[in-house]
Structure formats: structure tokens, C-alpha cells
């Protein structure tokens, strides 16, 4: 509590030690519900995936790569250009984008009658024409779907709730709408985007071009499980240069992963021979992390597969008129995050809120337990402290026994 | 170049000053193409959008918000629960997800014959059965699309390139595949996800719950322009507490934006009355940034609209069995990034590689200009330096004139 | 406030719009002192100097420099090795370190008598011997100064306050102690440390060695002013390599400063010719920052001197047996911070708490103004809102006038 | 190497698979010295102490503390105000600052004669007077020590090297200079500064005031060892508020340390009862870190002492006219860094460059081993690859044996 410095200075001048000893009298004693760990110093916690993204970005920047944003929406046609005969298999795993069609809606006399009933008045010819124009504009894409209600409400001077009711009751065309697929897809990995990006850079930037991107990708999985999510994050980079080679992939893998505590690396040709890589250059990176040694996972040896790299095939690059070889290395953010956070389930790490098994530490539980009623006055709190201290002091005395814990005035009476 | 410390120490002991003066003799003189600014100290540059995301995350964390990841794929049904009669208008702006169907493919005798021609041998009955099983498994989702070629290749012991050719030539079903839409959508803003997340937290965490997320959203635009992208980033937060109110929105807007240099704030009720907000609580945030004052944008006054907040409607919350009011504030990352980077076009800021007008600074141009041929020996470089120095020294002499720039031995001859 | 989702769901099923409209009834209305801007969302703010240090570290790391810690305490002798005949002038600007001597204290009979008086008992011979040993150990450096009181208190079984009193009254030797200077100095710039560090690295690391350090330096100024502090921060780097040259300094200056928004650079030989640099290589860096243009400082042209670099002299390097040339670039952190924060006074930027002129923004003042008494019940707050609303509504009515603002029960009575 | 996209596109149109297979022909094959791990992707590494400082700053900011800079130079008098009778013991562990005196130097005729000999000419009366004025100005502090040589050189129009020689030969007063101690000290911990800072804030900022600082402190140790450095870093914070109490210290310790992976906490009253803390409030924080469990340190139990906190004594606060209690918590940065980096020696962690035992990983050694001579032409490299491949292929053949590894033209001859 607040004190008077002048008075304490005076007292200390006379007897420093005694004044110092009495300092405790100014201490605040919180009620039981305001004591640690019930009170805590709250701080915001980062999400493990986004935290890992942030660390990966910094690691790439420190390796001298510049950050790019690649298109997340890619025409299916691009997949054909990049994958050749493999395209169909790849597209099977892609999400396509679809959208609701905009119905062509006429206003018959019968419909006008229905509207009049809801409005409890008759629409004028001008108003009917205005509504017709709006519906036509909506069909043509000139009026946005989320402006439709507001526009009609303004045109016929009605409350927007009423208009919503009209659209629902009078125009069943809206209700039965079914989305229609387009030829656009969501990228299933970052490579789709790199071809587009590099085809626009190779002729106007100095080589080498070193770029990275850490961003969302989408895979159309039959189901999500501990190791697969429909939307995941890829941390991908490219080097375009005349003399790029497999050793660059090894050096980048080493330079990137050693920033995360990995200490040794093994490189193994991939069984899968993707058509967008030059044959023989698609390589899996295995890395050793000391913190994994002895862990109760399948990585107890400390070794884990963490990345893949390869040299883009001249065949695929030529489709984009790119005349230089390109090294591409990519890794799954969720996978690295699982290793760093000792997690067994990608879903639990990404979406803890949806997990049925919810764990509380002893401290979190202690923080949630409060006493229902506790003294609210200084005297009340002093009594409660006195009782606790007396109990501790005489805890070993065999009962029955009786001790004075506190004596004083309460509510002005002794 | 390397020198001999012992020898220099000796010389300095005799004549410090003269030895010091001669230090320049050990200097390396780079050839013209290796001189600044042709050589530069390259560093990786962050992307303005991802950099802004990183700053927004830190700003939310410093305000005591914890980070969450919300589902990016949301059933259309959820939009109905959250928006009521407004849902249709919202869904008009959403992308639905679609995917390629898996055709039911039989193997007739005629097809076997076609395969045999390509393979230049006859498939055995066992092989035919194996292929039939694989195609059936694929239809059932037990064989992934991107494993199909490899599985068949293994079953009939053929090269995967041949198998690709077979699939293309013999099974036209694959070619004609058209994606089919599902009832799943990509979130058009973060709110879709917050309802799902909060409905799983309100009964097991201490209030207040303060969460944020900065992540991708998708809007089905007719077209992209300087202010609209189909995929953008939302920086959104929620506070769930018994006594949450409009003033919390103002305080958060102030606390968040003042970390980005905004200094004054104005709050204005939004004309749009979204159904997932309590009526009267949807508020637009205008903020003043000193760096905007006098800029050649429409924000030359320094004032700009940067965020919107509101209190989720009990009607919408009740659909998710959430019994507490929730304040929600959101802002567009691209918009903030444009303000911070003084940009007029969201496309140019996000995807500079796709912009036709490519700007180079004087320094970048200087770095790209090199001399085609330059001396590669020390003597050669000394001669070139001598010529430059002589030219500078006698530059004002009227021509014709002649000066000795360098004298010495070249290739062992004087 | 908390609500009942089941009940609201029921109501919405019957009449969605009306239920939605009534959502406002669940809103919390804070008392006037709990309204924005009196409530604010507090966040911790970084200090501009330490924030700039953090940015400089990141900028150096992104340029591929590794971070080192150099000794902050340096023997005066090292300055002689590095600066030769210039050393004296440099040492004039250095702080030397000094320390209190440890007095040789005997315990005479007279002193024992004095102690006995204070203790109100007689020390035994063993106790006297123990105290003598402790004082001897203290003199020898075996007993630390801050353990002295505790050790004696233990030895003679007395309260430490009493012992403090004894030391003060009986041993005046302590009181008169004067610090004595040593031959150790605090580095006045980072170069002192680089020579020591590099002399231990040149033979065991691969070249080039690229190191940086951002840390405190000390200058013995006659007085501190707007541009000079006795303790400031230097952001310094070195490159040791066979072919290091002046162009490397230009490239590093450019690479480092362009990360802080500087756009153009000019290099000018320094008039000062420090002896630890090779003659002709000491160069001042001027940089152009667009945010400075038109500012009310002496840098209104946008150009400002921000760094100095040079090639260490072989003469100085040889003193440390270093056989390779070294490029060294350094800049003052406080100077960069002043430019970035538009500050005119280094003291105000570093130590705002000690500045007499304390500025408050309008918002900070608004946050400090509170109403002394405000209603604490829901009804009370409703009345106060009603009065405010009624006043606004009828504000233009000429007085005298009277309006009903609120009607209802108070304390159970109408 | 660069290729021709048009040509490859053409080839792929005719035979995709064969063209894809031939992609490897465009691969660059680096010479043995340019292969991984000899080439590596270098990145700058942060220093463990400064990295820990950066993390501590962020952790404090996320707890809502604002950053302050406290004075590093503190008058000895302040220590007396804060520590009372304990001050002497504290000052015994402090460094005092000292500085070289500026000698009063006259110019006798004899000295003028000596100067003339060195200059090989006679100084004019004006020049002598000018030198006298400069020496006088230097004594008075109007001429800085590091400007002395330059000023004299200008005044007598002589080379600065000559002037250095004159000062050395003619004015022995400079040589014999001994530093003299002042009453200023370097702070031995952060508390010295907090009292100064808070005494300027308590009357002009809203409570609570929450500040932190992570910065250098200095202790005059007899010697440095694995656990003690003369200059170390303290990470310290204060909360000033009317009702600050011991539970705040516990909550802050928990909130700060749990951000570094500590999971459980134990609080134990400190035996040492510093006079600037209220008696009974000085508490040591022990924390449990899972990564320590089973480590080969004295912390194998996982428990380690990491911080101390207390409530400043009203006696000490009153000396600064501060009327509110203050909670202060501090921890040693080097100690936390040692725990996080599994280090046993503070010197090795701070100054690896000065450690005699220098460890290299297998990878670092591999990077340092290069082949002295390696082929520099494409053909040469192809031959060397062919030899390696042939050796691997026939490695098991018993010798003597002979194989053709490569055949072709060399230097234009078969």
C-alpha cells in the first residue's frame, strides 16, 4: 500500500535497522483467490505451426533467399504442362474450385402479387422495373450477391428483413442452387507456382535467383489422419542458375536444417520419379536430431526424413520457356513442427481445440480451483492468515486442543 | 593479400610512420567488374505481405492474445447457421470445393488386346486380374491417384512410361473427367472458423478467452483488381467474456493499430448490418497515420479505414451453444501492407513477378552494367588504374596531348 | 452477459428477425470510467535503442555475418599495440577501471573493548581469533566484501545489524577507503576487441571470417549532450580475407543500410587518419533516407553521415600476428535510432524518464481523466445513459424546459 | 547449363518420355572441391548470449512490460542511499571509473629548441603561442585528447607523424600519466538504476508501472571462472503499484520462465537478506526444465535456481521519495543461456574465440579437407567421374585387373 516517504526517512535516520524491519507492515496480503497460482501473469502464446513458419522464414532469409508469394489458385492446364503424362494422377489429388451459378430470375404477375402480400401494399410499376433491373444486374455479375438484399430494400423502400423473407418465399430459384466446378485448382504443392513465377523472372533478374515461400497447399485426401491434413503448409525454395546441381540441394538442406538443431544428413534417391524433376535428381533428405534419440516415436534412432529436393526437368522448364536449370527443395511445415514439438498427431498440433482429449497440467488445474467465499476486508484477511499460521504451528498437537489464533476488534466491537 | 607479420613488426620498430604509410601496398585492387556497385552484399528480402503478417502476429501476441488456427475448409451448412437469411448472399461470394470423380473402369477383351499391342506381349490371366483389382481399388479410394501408374507397372512388370501410355490410349474414361462440386467451401472470412473454434472452448477454458489468427481467406470475385484478390489474408481476433462490449473493440483497435504507427482513431457504425453481429455493434475503425499526410493517395488527409469490429449476435452464437458474448475484430492484411509500403495496387504488392511494369533503381541498373573484357592479372589491373588516374589528372588539357600512364615489364618483356 | 442458447434458438426458430433485433439486450454497458479510452488494451513497448539493436543484429545476420562478443574490458597496453603513437590521445578518452582497496585491519584490545560495549557481552578469545581470521581472509581476497558482515555475524553469533554497526563504529578504515585505478580500460570502440578476437581465429577458421557485434562502448566525455553519451552502442563488423578491399566496405555499407530504408550512398575519405587503418582507406559513408527529406533537422536534404569503414593497417594487425587484411565497418546505434525515430536528442531517446519536458498525447490525457463518482449498479448505469441520450435528443430546446429521461423502480420503490 | 527451350519442347512433342530421360545431360557436375560438403550454404549465426537476450526481451514484452534503459554509470552515493549500512560491502564488488589527468604543460625555451631540432626549422613566436594555447585548452578540457596532435599539426603546419614524435620526445609529462579514480561506479546489478528511473516516473505515469531492462552489469571479481564474469547481463523487471505483493513475483517468474520451457516452480526464501528488500520478501526461484532431466550436470534432477525476486524496502524507496511498493525480479542472462545451450562454462559460451579447446564436428572437418589438384575442364571432370564409377563397379575384382574407364578425345587428339 502507499506510504509516506518523508516519515519513513525520518524514522530510518533515528534507527535504520528497526525501520527496515518494519517495512513488512506495508505489504499487501492478497485474499486466497488472488494468490499465486490463482493469479497468473497471462501472455499470448504463438501457434506451433505459425511459429515454425516464422522460424523457417527467418532461416531462409539468413541463407540469402528472398521471399516470394506464388499463386494459390492454378489452372488445371498448368499441371498438364508441368507433369505431362503424370498430370491426371496429380489432379486426382487436387481440389478444383466451384461456385454457385447466378439464376436468371423473371418477375411474373403472380410473383408480384406474392410480394404485395408480404409487403402489405402494391408495388408501383417503377418499383417492379427497378427490382427487375437489380435481378438482371445480379445475373450479369454487376450486382454482388451480398449487396442484393440491400439494393432491393432501397429500391422498394422496405426493411431488409422483409426483403430476405421475399427472396426466400417468392424466388425458389435461389434455394435450389448447386455449385458448378471450374477448371481452376488449388495448388497441391508449391511447384505449380514456381514455374509461373520463374517464367516471369528469368529474363529480367541477375542470376542466381534464390527464392523461397512458406505457404498453404491443399490436397484432396480421402480422410485426414495423424499425418495428413487437407490443407497443409509447404516451405519451398528454388535456385535458378546456369550451373545449379544436386550438390546445391544438399548444401541448402544442410544450411536450412542445421538452423533447427539437425546435426547430420543422409541423402537418398527417391523411389518416386516425378516427371517435373530430371531423372536421377530427386533426392530424399534424412537428418539426425539429437532430441529425437530415445524418444518414444519411430524416430528413436534420431534419424528422420525431412525434405525432398530435385532439379526441375528441362522438359517441364521448356514448357515455360525457362532456359536455366532450377534446384527445388521443399519440406512440410507440419512435419518439422511435429518434430520440434514432440507431437504424434498433426491434427492435435494444428487444431487442439477440436481434440476430444484435453490435457491440463497440474498448474493449470491449480489455477482453476478457487475458494467460493473469502474475506474481503483487511481484518478478515489477517484473521484467515492467523488461522493458517496457527494451524501450521500446532499441527502436530494431539486433539482435542484449542489455540488462540487472532484477537482484536471486529466491526468496531472487541 | 596475405603478408608477413614478423617482417612488418620489425620494420615498424625501426620506423613506425613509414611502415604505416606503406600499408597500402598490401591492398587488393579488384578488377572493374568486381568493384562496387557491381559487387554487392546480397541479402534475402522478406515479402511485404508475409512481413506484415509477422508484425501483426507479434502485435497480437503483445496484446495478450493467443494464436489459433481455424479451419480453412468449412461446410456450406455452417454459413447457414451463422448468417441465417443472409447465407445465400454470402455463399454467392464463396468458392466451393470440387474434385475429379473416379471412373468405374472395366477391362474388356478388346482393351486387353490394345494393351498387348503396346506391350508387345500378351498379358497373363493373373496380370489382367491384378490390373482389374487395382482399377477397382482406385475407384473405391483404396489406391491413390498418384500411385496408380506405379501399381500397375509393378503388377505387369512394365516401365511406368509404357503404363502412362496405356492409360492414355486404352482408357479414355480418364481423359473426359470433369470435376464435381461438394458442399464444402473455402472460408470467405475468419468468422466461419471462430464459431467452430469457440464452440469447443467455452466450456473448458477460463474466461476471458482471447484468440487471434492471421491466415488466408478466399473470395469468389468476378475479377481481381488493385483492391481485390481472390485469396487474401485476414488478421482477426475474438474476445469471449461475460462482460464483453463495444468499448473492448475500440480498445483493441487502438492497441493493435498504434503498434503500427497509427495515432488517432475514429469509430463509425457500419451501414452494412451483418446478421452475425448484434444490431448496432458493427463498427468501422478509421485511423490516422502521420506518414499518409500529403501522400498522393486518397488518404492524403492521413485518415484511412482499417478495420471492422462487432459483437457476435446471441442468435448466431446460440446456434453453436455458446452462452457468452464475443467481440470480433478483423482487418485485411493486404490493406495494412499497402499503407505501410505506400502501395497503390494489391496485385503489384503481392505478386510483383507478374507485373508488366518492372522498375529498377539507379543502383540496380549500375549493378547490371559490366565491362565485357577487363584485365585479369595484377599488372593488367595496375595498368588500367594508371590509365584512369592519368586521365583524371590531365582531363583538362586541350588535345592533342599525350601522357605516360604506365611503364614496366609485360609478359617478361619491357 | 451470459445468456441461454437453447432459449434463443427457440425464439429464433419462431421469428429470426425479431430475435436478432433483440440481441442488443444482452450487451454489457460499462460505467463511464470503464469506457474507451479510459480502458485501454495495454501492451509492452520496446525501447528505441534496444529495438534498433535488434534490427541491426538481424540485418547483419541476413548479410551472412556471425555474431561475436568482444571483451568490454581491455588492458591499456592493447591500445598502445593498436594505435602506436596515437594511443595516448585515445586513452585520454577512455575510462580506466578502479576499485576499493581492502584495508589491512588489526584488532587491538581497545577495539575489542569497543565491540564488547556494542554487543553488551565479552567476546571469547576464540571469537576474537575468528574475527581476526575473517578480516585477514577479506584482505587476501578469500572472503568477498558482501559476505563480510554475514561471516562475522556467524562467527560471533550476533545479529547482522549489530555487526554492521560494529564495522561502522570500530573500524574507521572502511569509511575512508578511496578507489585505486588499475591499468584496465573500458573499450571506447569495438576495434580494441576485434584485434583480440581475430588474433585467436585467423589460424583455425576457414576464410573469409565475417563477424559482427552490437554492444556497449564507453567514452570519457567532459559532458553528455544531445549527440554524445558516455556509454553508447556500436554496431561493428569485420571481414578477414586474403583479398579484402575498400569495395567490400562500400558493399557492406550498402547492404546493411538499405535494410533500414536508405536508398543512395556516397563515400568520402575521412579527414581523420586513424593509425589502425591503412592510409587512404578510412572512408565516411553518407546515405540518403527519403523520410528525412524536408524534415526540420540539419538532414533536410535527406543525406546523413551514418558509418565509417576502413582496412585495418598491416602495422597494427602484425602486432597481433594476424597475416590477413581486415575490413572494419562501424556505426553508432544511437545515431541510427535517432534517424529512425526522428529524434533530436540522444539523451531523450535513451533516457526519457530523466527528461524534464514530458509530452502527453491527447489520447494519453483522455485516458487519465476519470469521473470521480459513477453509478455502480445496472439500473444506475441505465439512468445515466438515459440522461445522456435525453440531453442529446433535446439539446436544442430553449430553456427552461423539462423532460422525462427515465422511469422505473429504484431500491425496490417506484 | 543453359539450354534451348524451343528445341526441347519440339523433342518432347515427338517423344516425351525419351526427352525427359535425356534431361540429365544438361546437369552440371561440379569438381570434387566444389561438391558438398566442401561447398556449403553459409549463414550468419547469432551469439547464444545475445540470442537469449533477444528472447528475454520478447518474453517480457509479451507479459506487458515496457522496456527501459537504466544508467550504467552510477554515483557511489546512490549505493549508500539504497543499501544503507550494507553499501560498503556492495561497493567492494563494484568497479569505480577512473581517467587520465590532463597535465599542465609549459613550453620552456629548452623545449622549443628540442622541437626545432625535430622540425629542422625554427618555430615562430606566433607558432609557439599557438601551441601554448592548444596545450592550455587541452588542460582545460576545451581541446579533446584525440584532437591534440591534429590541432598542433595544423598550428605549426607540420605532418601529424612529426607532431606525435615531438609529443613523445619533448613532453614526458604525457608518458608518466596515471589514471585517477572518480566517485562514479559501474552498476553491479540493475537495482541501482531502477531506483533512479522510478523516482522520476511515479508521479507522472498511471499505475501500475511495469518496466524491464536486459543489459550489461559489472562485478569486480577477483577472477573469472566457469560461473562468473566481470561483465555479465541482467534481465530485470519492476512492477510499481499500490498493492504489489510477493505473489506478483511468483506470477511473473512463472509467466517469464514458462516461455522458456520451464514447467514447474518452487519458491524459497533467500538466506541473504539484502537491505534494499523488505525483510521476508527476498525469494529464490527454482524451476524445473524437462530437458535438464538426466543431463550430466548438477541439475540432473531437472531443477535449477534461475531467478530472485523481492519487494523493495520502503526504507530504500523513501530515500528516493517513492511512495509505492515495488516488486523487482531479476535473473542472470548467462545462466539461462547456459541452461538453454547445455553449457558448463560461461566463458566458453560468451567468448568461444578465447578457448584453447576448439571442437570441430565431423562435418566441419569434412568441409576443410580439399583435394589439392582437380580437373578444371568438363572433359577432365567427366574422366574423373568415370574413374570413380568404374572403381566402384569393379571394386570386388581381385587384382591384378584392368578396366576401361573412359574413352574419347583430349586436347583435340584421340
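So that you can tell them apart, the chains are marked A, B, C and D in the order they are listed, and the count of residues begins at 1 in each.
Going forward, contacts are C-beta pairs under 8 Å (C-beta built on N, C-alpha and C of every residue); 3 or more make two chains touch, one makes a residue touch a chain.
Values in this document were obtained by computation on a predicted structure and should not be read as measured data.
Touching chain A and chain B together: C, D. Its interface matching that of C-D in over half of the contact pairs by residue number, A-B stands out among A-C, A-B or B-D.
Rounded to a whole number, the gap between the C-alpha centres of chain B and chain D is 34 angstrom. Per-chain CA centroids place chain A at a distance of 34 Å from chain D.
Residue numbers of chain A whose C-beta contacts span two or more other chains: 17, 42-44, 61-64, 85, 161, 164-165. Against chain D, the residues of chain B that register as touching in their complex are 17, 61-62, 64, 161, 164. Of all the residues in chain B, the ones that touch chain C in their complex are 1-6, 8-9, 12, 16-17, 19-21, 23-24, 26-30, 34-37, 39-44, 59, 62-64, 84-85, 242-248, 250-252, 254-256, 259, 263-264, 275, 278-281, 311, 313-315, 317-325, 361-363.
Partner chain B is touched in their complex by these residues of chain A: 42-47, 49-51, 54, 57, 60-69, 71-73, 85-86, 88-100, 102, 141, 144-150, 160-161, 164-165, 167-168, 174-175, 177-182, 196-197, 200-201, 204, 206, 210, 212-214, 216, 220, 222, 230-231, 272-273, 350-351, 353-354, 358, 367-368.
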